[in-house]
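Two complexes, one shared chain (subunit A), two partners (subunit B, subunit C).
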Partner chain A sequence: MTSSTRAAPPPTTQTPVAWARRRLFNSWYNSLLTLVLGVVAGYLAYRTILFVAVNGRWSPVRVNLTLFMTGTFPRDEQWRLVAQIYLMAAAIGVAWGAITASAADRAADSGIAANRASAPDLLRRYWSLLLLIAVILGFTRTVWPIVFALTALAGGLGLRSATHRLPRALRQASWYFAAALGIASFQVLTGTGGISWWWASALFSLAAFQFASAKDYARFLGSVMVWPVSGGKRLVTTKHLARFKMASQILAVVAAVVVGRVLYWLIGDTTSVGWDKWSGFHLTLVASFAAIILAFPIGMLLAMGRRSSLPAVRLISVSYIEFFRGVPLITLLFTGDLFIGFFLDTDTPLSAITRAIIMLTIFTSAYVAEIVRGGLQAVPKGQIEAGQAVGLATPSIMRLIVLPQALRAVIPAMVGQFISLFKDSSLLSIISIVEFLEVRSLVHNQEAFRGFGIAETLAFVAFGYWAITYAMSKESERLERQLGVGER
Partner chain B sequence: MTEATNPSNQNAANAQVDSDATQIGSRDVMVELEGVDKFFGTFCALSDINLRVGTGEVVVVIGPSGSGKSTLIRCVNRLEHHNRGRIVVDGIEMTEDLRNIAQIRRETGMVFQQFNLFPHLSVIDNITLGPRQVLKMPKKQAEDRAMELLERVKIPEQARKFPGQLSGGQQQRVAIARSLAMQPKIMLFDEPTSALDPEMISEVLDVILELAKTGMTLIVVTHEMGFAREAADRVIFMADGEIVEVGEPEHFFTNPREERTQLFLSQIL
Partner chain C sequence: MQKSDRRLLAIFGLVLALSLIAASCGNDDDGAEPEATVELTQEGVSRLQLVQERDELICGSRGDSPGYGVVQEDGSYKGFDIDFCAVVAAAVLGDSTKFTVVPLTSAERFTALQSGEIDVLIRNTTWTATRDGAEGANFLFTTFFDGQALMVPASTGFTKLEDLAEASICVVAGTTTELNLTAVFSAREIPFNPVVFDDTSTLRPAYEEGQCEAWTSDASQLAGWKFTIEQEDGGEQHIMAEVISKEPLGPVVADGDTEWAQVVNWAVMSTVQAWEFDLNSGNIESYDGEDPNILNFLGRADFNPGLGLPDDFAVQVVSQVGNYEEIYNRHPELVPLDGSVNDLWTNGGLMYVPPYR
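== the complex of A and B ==
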């Protein structure tokens, strides 16, 4: 490898004046355009600020903040929501730490310097979410939501960096742990109304077992406990490890089961709050993200089914996709009742929200299937042949060669579909589910707010939708860049 | 030469071709094709192919574009399925059975004109994918072997890069390493240098020459006549889906028998 002796050009630095001259005023017509647009933008900004800070009457939002956030969720069960937020923050923190740590591992393996996201980076990615949290906290009337939000944030970030620092052997355990926390965060809300406690318990035990089986466990534990005393020296030797391992495996599983059972006993199903009581922003988020998470794998299977060599599989996939893409979502929501009853004979009718999530999932998965199919078709035939030539079986070729490339190619389209699903969840109001947007009509029917303008509540709700979708599209941009879409 | 001396019940010209097509001296048979036909729809891409390749033999296949060279070697590892006749690879007869096909693919490695590296995997992962997934080799061992192979194709320093970051010649050498990682008994090359810039051709051919010296069985489709002369034990000339002439390189290039062969050679030499 010969390297050129010529130095790379130095990074150009520009004074703001020079920049403005080059970019804004480089000819008379561009200067004029800049001035005109500047005036228009300034005027719009002025009117917006006037509305937000001076003229807007925000009391409908301020007074009804809880209603907007959680709708008709029973007031004396609200602690469950707080618990959910904490658990969720912990789950996200652990998962995030595991993600950054495995990225760092991969980078280290490849001998490339890991590019860790700096604070400004994170701000650029998540500023809309932070702004949303700030706005919501700005409307609160007690100090508690602020305390909860800040401690949850701090806890999540703390767990993130702790997970990031875990030894590599514990990576898998962190994933289980994150999943268990995620499930638990819903368990707190639903009791047995949703997923069984055993799931969370089993995952916790798995995590604990993995944790305890890891070779570095004892060493890690030892170093954590004696770190301050020893000044970072390893005090636990290999000799102790084997004995440690067995004991800690057993202990870990027992502890996980016991903790799971105790939690169940404490906050179990006796006073749970089922799906059907959820509403507001909380419901909008849960329903659309549940549908996203379910629609993705279903859509992927359908896309592969459509390309299958088995005629029956192909026929079913094609009919499903073409039918559900040909029917408006509103129709599906209206007929969800009939439709599900047609295929499932349940004695107890499903709650409106369960039905809605099912219909959203069905609808979106048909679109996801077509998006994924586009990606599958973009993978050259030579890739499959190369896989066959090295002796891989068809499912492995799909999983290891075709799908990774196909999915990379369709990230933007996929996220676009999810964004539209998120916004379409506002249609749930037509089957009398009080989602985020629908809370407004409750508010405007209140005696106290007769005669109030609707602009403020609309603006607030629109801002809520925007903040989330903006963060989603930022994430998609980042994923695209990270996976190098369009670079080959 | 045993068959050539005994052209009992065939006419003389046919016997000449057949004996050449199947002559492999005293070697064991590694690949055997018997009366193989291949159709694309109604178009006949291979017609009545008879060929035996001995263990450790290097066979070079030449012929004009569209003559069926790629189709021929793609039938050997079942990237195309033949419509008639018999194909036996290392004693395993090709059937419709998936296990059977998998077994044959394990015996054969293939290198493509367009490299077909997996763009989403690093070089080392490209090479270790097969051994880890198919041979269930532990990661460490697979990577050690991959590094040895990369040494052999002279690009160990590229192990952690991605295919898109390599030159064409380097990519093709990675592709060769990827095939070798499965420890095949036969390597099939389909115009391995046709997509390369002239200055990269020799670096790939050198690697293939090295392979030939190790005694591996090779079937190489190529337009590089210099390579054919140097490496081949036998040269096969194909046209219109048929094997027209078979011979040792010396005879082949100096004194071709068939008119079509003469015409083809005069065009490209």
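== the complex of A and C ==
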């Protein structure tokens, strides 16, 4: 009689009428409130539907859809974007398959049933993204984008289940394959374009390296990165080989970069499209996610630097954080735009977009540092002392004990910061980068749309931002639940 | 040796092999690929040489100014300023499509010029003493004489500034336009009420609803709005003939490279010269007259003035882009050309270029 003393709650099957009576009309003032709010909500819904379906003059969006999505990206090179979508879908499919497979592995190891994400579950998580895709496809005037989207989706899902079924020995390899596909997707976009290629490779190897190392870190990044990521299985399991782990991971990442490059070299494409040709929604996504991926490790190092016992390291970290947190982002963007070119007296000036990503990264990393510091302070000192007691070195204590707990605690704040960064990318228009929002002003300078459909284009752009940020916050919510933030 | 040991060794070997392959491939690749990023600034090399080596002109302009530069649905730029980018590209590189537009805000344009990021700035920039001096910019031939003007609904019958006594005048806040308006009206002692707006998109509906009797801005901007309002049946509009400020707009290059400045200047001026000679994109290639000046201009008379341009640059410019009149009339948003200050000097306008000889 120990566990059964607490009886399960009675089944709560109610008829809708009973539910409504209990929740909406349980007293005269609540009934009144329900009626009033119901009328207001109904009116708003009616006006919204009227706006979207009947009155809205959507032709500025319909005609300029490509401009909104890719801006002034050369139309002859548009196939690169299609290729990127396919490769990206493949990368996501493989990575996703590896995630579910390693989750199943873990579950098998510990003898519990793996809980696979069900379709309704995924729908709840990503419905805003699906809606965004549906809206964009709804605006297209040819059938091709729909064909591309559907085949890419089918391909991604196919690769996911194929990867899921791979033998266990190939688990790690599938991660690197996903990374190589991701790199290749950017490679195809930039062609052989010098510095852009190195940028894309560096970004992806950084991302790939991260999910191959610290598990929680990887999970966290997975919530904000372009492809979902979860804990990779340790490459080397025996103690003796553990010390080569880092080296092997670095080499594996190099290999991923190299494979991407070799694959691309085999295709034999010799033209190039530099970063400076990117614009529109595509640029907004790339610039903000590049800054997110770069700002995270820098911010984490700064946070640890601020708590370091070495005065020089502490001083540098504190001055960096306090300076860049104290300066408005607009000032930094202008500074970057006007002065980086003069400071770095190189033969090839950085493109405006590279400069903007640098400034966004610098700015965000200062905030990330403070958020991570908050998390570090939340880890009790006893934890570190316990680590020391069992003879761990400081880096190991950080990596194995402190950071996993600290990062877990700051997920909500961190995702909040990244959402804000994503929206702040609209400020890039002041340094004449044509990002998503700026396309709108270009559209309204066209002869046909001057002063026409202003509210409609604004609604479209706002919806684009909302869909992405909503998906980000849903992902963070899921991570919080999964990692048990807020419990205990 | 343990099993996992061997596996790791295999991975290392694979990675090493791949790196080696890639390193060698990478080198081949780098050798074969075209120069994707060409140096923009280099000691001892003139801008002209840089542009020729790059085989592309980088033109600072804008995409948010109707008539001067807008971005079309297909992502390409179109406008009066953009056409002059094409003119320079046609003259220097022989192909009017070999240019890239870098959109710039007014705050950045001179920095972009000084840092060498752009070759030429053609972004309706007013030539002023400060810009010529302190900003290190070198202003060339004025392609468009603009000026601040006032627009009224034609139904009001107003024609001169004095008619606007006690009238409300719509103006965008914080611009030199607002300052000019106050300066001119108080100098002439005409009382008026300024109605100030944050930007044009809020000003326009107010003007159309009759919150103010007149709208003041640059004549070229007003012409664009006049065009739009009349297209949308907003009633006939009238732009007053009197202009209350001088705004000469033209291409700008960085100080310190005379050769490049000459090249851009003569490329731009050739459009006006062709107009004066009655040569246009349709007839320039088939010219069969005997006028020695024209033959020189077309580069058929073995004449090279030593500007650093190919002999036939004018033919390239006019046949590919057009003469000044053609370029101008391609953009209906601009003030009608006939009889305006931008007409040819022989018609009483200001377009007058030095002789090509």
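As a convention for this text, the second predicted complex is superposed on the first by the 390 of 488 C-alpha atoms of A that agree within 3 Å, B and C clash if a C-alpha of one lies under 4 Å from a C-alpha of the other, contacts with A are read in each partner's own complex, and residues count from 1 in each chain.
The definition used in the following text is that a residue touches a chain if its C-beta (ideal position, glycine included) is under 8 Å from a C-beta of that chain, and two chains touch if they have at least 3 such contacts.
These numbers were taken from a predicted model, which means no experiment stands behind them.
When the shared chain is aligned, subunit C comes close enough to touch A:R450, but subunit B does not.
Of the two partners subunit B and subunit C, more residues of subunit A are touched by C. With both structures placed on the common chain, the touch criterion links A:K423 to neither subunit B nor subunit C.
In the overlay built on the shared chain, the residue A:L392 is in contact with subunit B alone; subunit C does not reach it.
By the touch criterion defined above, A:R307 lies against neither subunit B nor subunit C after alignment on the C-alpha atoms of chain A.
Contacts of A:D337 after superposition: subunit C is touched, whereas subunit B is not reached. After overlaying the two complexes on the shared chain, residue contacts for A:R171 are found with neither subunit B nor subunit C. Comparing which residues of subunit A touch subunit B with which touch subunit C, the overlap is empty. Residues 77-79, 98, 102, 105-106, 108-110, 112, 114, 116-120, 122, 129-130, 133-134, 157, 160, 163-164, 175, 178-179, 181-182 of subunit B are the ones that touch subunit A when the two sit in their complex. Partner subunit A is touched in their complex by these residues of subunit C: 2, 4-5, 8, 11-12, 14-16, 18-19, 21-22, 25-26, 29, 32-34, 36-42, 63-66, 70-77, 102-105, 107-108, 111, 115-117, 201, 204, 228, 232, 333. Contact residues on subunit A toward subunit C in their complex (touch as defined above): 63-64, 66-67, 70-75, 191-195, 235-238, 240-241, 244, 248, 251-252, 254-255, 258-259, 261-262, 265, 270-272, 274, 276, 334, 337-338, 341-342, 347-349, 352, 430-432, 434, 441-442, 444-447, 450-451, 454. Interface residues of subunit A facing subunit B in the complex, by the touch rule stated above, are 1, 109-112, 380, 382-383, 385-393, 396, 400-401, 404-405, 408, 487-488.
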